[in-house]
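As written, the chain order gives the labels A, B, C, D and E, with residue 1 at the start of each chain.
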Amino acid sequence: MAKLTIAQALNQALEAALMEDSAVVILGEDVGKDGGVFRITDGLFEKFGGDRVIDTPLAESGIVGTSVGLAMAGMKPVAEIQFFGFIYETMDQIASQAARVRFRSLGRYSAPMVIRAPFGGGVKAPEIHSDSLEALFTHTPGIKVVVPSNPYDAKGLLLSAIDDPDPVLFLEPMRLYRAFRDEVPEEAYRVPLGKASVVREGTDVTLIGWGPSMALVLAAADELVAQYDIAPEVVDLRTLTPLDEETIVTSVQKTQRAVVVHEAVRTSGFGGEIAALIQEKAFLYLEAPVLRVTGYDTPYPMTMFEDLWLPDTSQVVTAALSSVRF
Amino acid sequence: MAKLTIAQALNQALEAALMEDSAVVILGEDVGKDGGVFRITDGLFEKFGGDRVIDTPLAESGIVGTSVGLAMAGMKPVAEIQFFGFIYETMDQIASQAARVRFRSLGRYSAPMVIRAPFGGGVKAPEIHSDSLEALFTHTPGIKVVVPSNPYDAKGLLLSAIDDPDPVLFLEPMRLYRAFRDEVPEEAYRVPLGKASVVREGTDVTLIGWGPSMALVLAAADELVAQYDIAPEVVDLRTLTPLDEETIVTSVQKTQRAVVVHEAVRTSGFGGEIAALIQEKAFLYLEAPVLRVTGYDTPYPMTMFEDLWLPDTSQVVTAALSSVRF
Amino acid sequence: MTDGMEMFPLIQRLDEEGNLIGDLGVLSLADLKETYATMRFLRTFDERAWNLQRQGVIGTYAPFKGQEAAQMGAVAALEDTDWLVPTYRDWAASYLRGVPLEHGLFFSKGHPSLGDIPVGKRVLPAQVVIAAQTLHGVGVAWATKLRHEKVATVVTFGDGATSQGDFHEAMNFASVLAVPLIFFCENNQWAISVPLARQMHAETIAQRSIAYGIEGFRVDGNDYVAVANLMHELSERVRNGEGPFLVEALTYRLGAHTTADDPGKYRAIEEEDLWIRRDPLVRLERWLRAQGQLSDEDLAAIDADSERKVEEIIAGFREALDI
Amino acid sequence: MTDGMEMFPLIQRLDEEGNLIGDLGVLSLADLKETYATMRFLRTFDERAWNLQRQGVIGTYAPFKGQEAAQMGAVAALEDTDWLVPTYRDWAASYLRGVPLEHGLFFSKGHPSLGDIPVGKRVLPAQVVIAAQTLHGVGVAWATKLRHEKVATVVTFGDGATSQGDFHEAMNFASVLAVPLIFFCENNQWAISVPLARQMHAETIAQRSIAYGIEGFRVDGNDYVAVANLMHELSERVRNGEGPFLVEALTYRLGAHTTADDPGKYRAIEEEDLWIRRDPLVRLERWLRAQGQLSDEDLAAIDADSERKVEEIIAGFREALDI
Amino acid sequence: AALVNQPVSARGGRALATPAVRRLARELGVDINMVTGTGPDGRVIADDLRAAASQPPSDTTIVGD
């Protein structure tokens, strides 16, 4: 099997989708000739032509709003928002439009569309480019939020997202685009939406993350095992909504402790929802409060200081230790 | 002292602000001659003229974006967004612009501006008009979120919001605009931002709400006392960010139980943040999980069914009872 | 600076006195008789809905009174395979495309059936967020183009909607992508309490087409003959790949913005009177009478028929909702 | 359909051969000698910044090479009390308004000092979100109008920015409110990899002014004499309450979008060559030489001076960041 | 209804304890508020409960069921 980066795995998924279904079109800023600023759509314009892979004018609401129309009329648009921070421009078209099509029309229409966006920090990008805003969409009924953290999931989840009959926000951890390679099957396999993955079994504390934070969580898990003889269970949520509550609750009922890790600012981040859920569903099992390792409650800093701002492995280790030792 | 509705109290606050400071201007859709669709700015156009109370073109991003410019250049704009559901149009100008002015310019510029918006359900308004989206902004560093629930607070908080040197989102529970009257002093008093109010002292369970949900919380509290001999402590948050953690934690340490009530959909609502916070800060005191009474995880329904969808007093009572009996 | 009125002279075929300027174009006398009956029925419905709200039977209703010719003309040229992407005031237009008029009542009642477009009818549910549907119109038209279907899409919106960023993005996308779409603006000159002159500084909405390098048209929206003919021409042209186009239909909201609104607060009675004289129904009636095609008896029959149909609709509505 | 090129003929005063068409207008020969020296210095800085990135000293940098005349002209007429509301590529324009050039390096380094505008200078921090600043420009200009200050505001943005809804809302608000603002578009013909023809269907950006009922101008953005003269005229007019205006300055991004970008993927070398011949610096040099006002020695002196100043800036920058 | 005598825990009648310990108290049928905590800050820990459970019930305490 070929070893691919997340970027390559995504490119394969998009190519497979374009081949499988003539209703699939890719649109966004610079996704055509340029192959996207992160080269995720590289080569697709050349292979499928300008009717399938479309450079749009520079207007995010336009990209998402026309996608809603395309989708209602039977196409399957896969829109790229160049950086997640620019998603603000599209909030009405996502939350009041795409997410409500099925509801508004009593199922007469649906909006089978995917909005892809690179997100997360650590790549020294300018202001607004690195923000983690997934919690805005986990609070938006009608849209699914999917966040892969490795090449295998990236390909399989993206194909499932494109198959989905309703809108899916697909968030790609840009720091991990080319950070490592994994074995990725050639064929167009699917990874189901709505299922978390227990990437490491353990008994002492459940570490929960998604997308970019999985890198820290996995490194912290190694350290906990190696240095502290602690056996963490590691859960990669993969899909934030609909949330796989069962996997989370089962794990915490076993370990009785949990730490949630995300890059987004702390207040009202998705970590708060996870903590609220755990204390509600596994209350009598808890030996320690659910702890959160997150970004600070400030705007994402200028990148000279992003490493100071971003949660890191040692913070995850510290949180896990305080949980275990509580 | 005059007994005023929330609507009248807000009108008084706006009039006082326009009189006190020539930098204050009011802008929005239909705020001028029409006095606003809820008549909150009634009479102000006549009193202060079209340079101070301005009907803008129909464009919310334009309203907020020009307000950012006005504020950076020394004015104190008070912008009205006709219904909170249309705030999506302005997300970039609020979250990436207004909220970051001070941070971006290292304090060289600031954006002293208020964005007012009626919100919440129960008034049989069309689609998108009734959504409770406060959690999108509690997740936005750099902007304060203020939500009065009664006439006295409404006036005092709005004046404090206008005084504030940074942007404030001021959310007005439209169902309560004219629901009842309270004594409101004539003068331009202030109610400080960032301070919750313990509106009823009790020992058995802490009920937490804000804005429209306070109506249910207070009714439920009465019922708990009268019918179940339970003494709830009632906290009206008034300001969501910055949050008055101390008041919440102190109360829950005393009562050992908490129920949070909001109209917004459950997942990633601000109730999740409150629950996460309580289990973290008062963990060893908790006799029961923090419970949430919220809207369902669906788009706000067509209003024929809104009463079925909206949280009601009996749900708050039930949650308080399950907490106490846990 | 450009004089929009001069660049986009008002297209008219039937003036407010009921005089035909030129000919009927693609329309026939029979068409106009039918149109008149339908328009009268729609007017009856609209006024009746208003009264139902006043009686407390339904909630907030947005009347289309005065805009019947614009809405009917907007869809006059559409085939079964064509699309309509409407806004919240377009009950008349949607009705002609197969959406029951009850939907207007469902809307005012906050009933979900409002969104239940009959299967096979190519109409989107009424849009509440101003201008959001303009982008959906672009997407729908683009989908038909990508599939090489020979169909036209019409997206409707108000004058106020042209201030929104989405309108601009839609016009720009549509023109760059050359999609088979007609942007149809019902310029009723008010956005709730804001008159057009405070909504924009340009003289006409039609001139906004220039910003996108496409053709624009300004038509008397109270003149069904003019609107229908223009839309026949343009929908044929978009089906042939010549779109998009922008049409400004100059009309007037004779009623309040909604039943929750009081126009007395912000607009002059003289203006209303002026536009009452320009009523689209009146000029059609005058012309038909002048042709000897409409007698008092005909009129009584049309009215009776309208009443009956409206009663039926309301009965069905009440039954559906059990009220 | 309207021919934008015809309606908005390109305003030129110094052609690419260095021939003056007409006269210098409000500028003097001395002005142009100084302008040339400054432009050369700015070019030196920009090229040096590019190299610093290649050496790994700084991060992503957005070069303004080729757009110097447009940026310098945009602010040529501004007084101390006037405002500039710039976008992320406007280091040259901001520099002339009192913002140290280091800020361009701070930006590429992700250093917060980027936003630390010197006290007393009426410039906003560089904007990253495309078109967001156009609305801030309207607000700033509106504030000055409300306070009856007699000042002009200039907001700058790229061609790509004109596709955003915020641009439209800004143009519309500005025209309705009649604010003293000049919208200055640096049309460098590319938005990263997207050429203007895929960005919009209209022939010119200037013609978008018609949509708002305001005056628009299309000027050769590589011709400092033309841009500076136009901005003198317009800033005086906006101070007198005649604004807003839209200016399209036709220019070209000679470099890559940023140091992270490879234009070879999407644009033809012939096009780049064409615009190298239209370099704003070259035509100024030709003209000055023809006037006998620029010798090889003068040039060497200017270069030496530029180098020295750039070295100083970089030294200061390295010291500030301790790198 | 439960009839309870004067609580003896660290803070005026209400025990400090993790929810998991509270569960154990339920399982053992011990009124956690009657148990003296020996954990950090007087927190009731599992061993405290087990000790309390192995003691014969005091005649003044009846835990209702």
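Everything below uses one rule, namely that contacts are C-beta pairs under 8 Å (C-beta built on N, C-alpha and C of every residue); 3 or more make two chains touch, one makes a residue touch a chain.
Predicted, not measured: the structure shown is a model, and the values here were computed from it.
J.: Hey, what chains does chain C share as contacts with chain D?
T.: A, B
J.: Hey, how far apart are chain C and chain E in touch steps, shortest way?
T.: Graph distance in the chain contact network comes out at 2.
J.: Between B-E and B-D, name the chain pair that shares the greater number of C-beta pairs in contact.
T.: B-D
J.: Taking each chain's centre as the mean of its CA atoms, how far is chain A from chain E in angstrom?
T.: Centres of chain A and chain E (C-alpha means) sit 45 Å apart.
J.: Quick one: chain B and chain C, Cα centre-to-centre, how many Å?
T.: The computed centroid separation for chain B versus chain C comes out at 38 Å.
J.: Using the touch definition from the top, which residues of chain A touch two or more other chains?
T.: Within chain A, the residues that touch at least two other chains are 57, 59, 61-62, 85-86, 89, 92, 96, 103-104, 127-128, 279, 283, 286, 288.
J.: Among the residues of chain E, which ones contact at least 2 other chains?
T.: Residues 18-19, 22 of chain E touch two or more partner chains.
J.: Name the residues of chain C that each touch 2 or more other chains.
T.: 112, 129, 163-166, 169, 172, 176, 198-200
J.: On the basis of the stated criterion, which chains touch which? Give every pair.
T.: According to the stated criterion, the contacting chain pairs are A-B, A-C, A-D, A-E, B-C, B-D, B-E, C-D.
J.: Under the definition above, what is the set of chain B residues touching chain E in their complex?
T.: Against chain E, the touching part of chain B is residues 256, 283-287, 289.
J.: Residues of chain D touching chain B in their complex?
T.: Answer in residue numbers: 83, 85, 112-113, 115-117, 119, 124-125, 129, 132, 134-144, 146-147, 165-166, 169-170, 172-173, 176-177.
J.: Taking the complex as given, what residues does chain D use to touch chain C?
T.: 1-2, 4, 7, 163-169, 172, 175-176, 178, 198-203, 207-208, 210-215
J.: Could you list, by residue number, the parts of chain B that touch chain D in their complex?
T.: By the definition above, chain B touches chain D via 25, 51, 54, 56-57, 59, 61-62, 64-75, 77, 92-93, 96-97, 103-106, 108-109.
J.: Flag every residue of chain C that touches chain B in the complex, lowest number first.
T.: For chain C paired with chain B, touching residues are 59-60, 88, 107, 109-112, 114, 128-130, 160-161, 163-165, 191-194, 198-200, 260-261, 265-266, 321.
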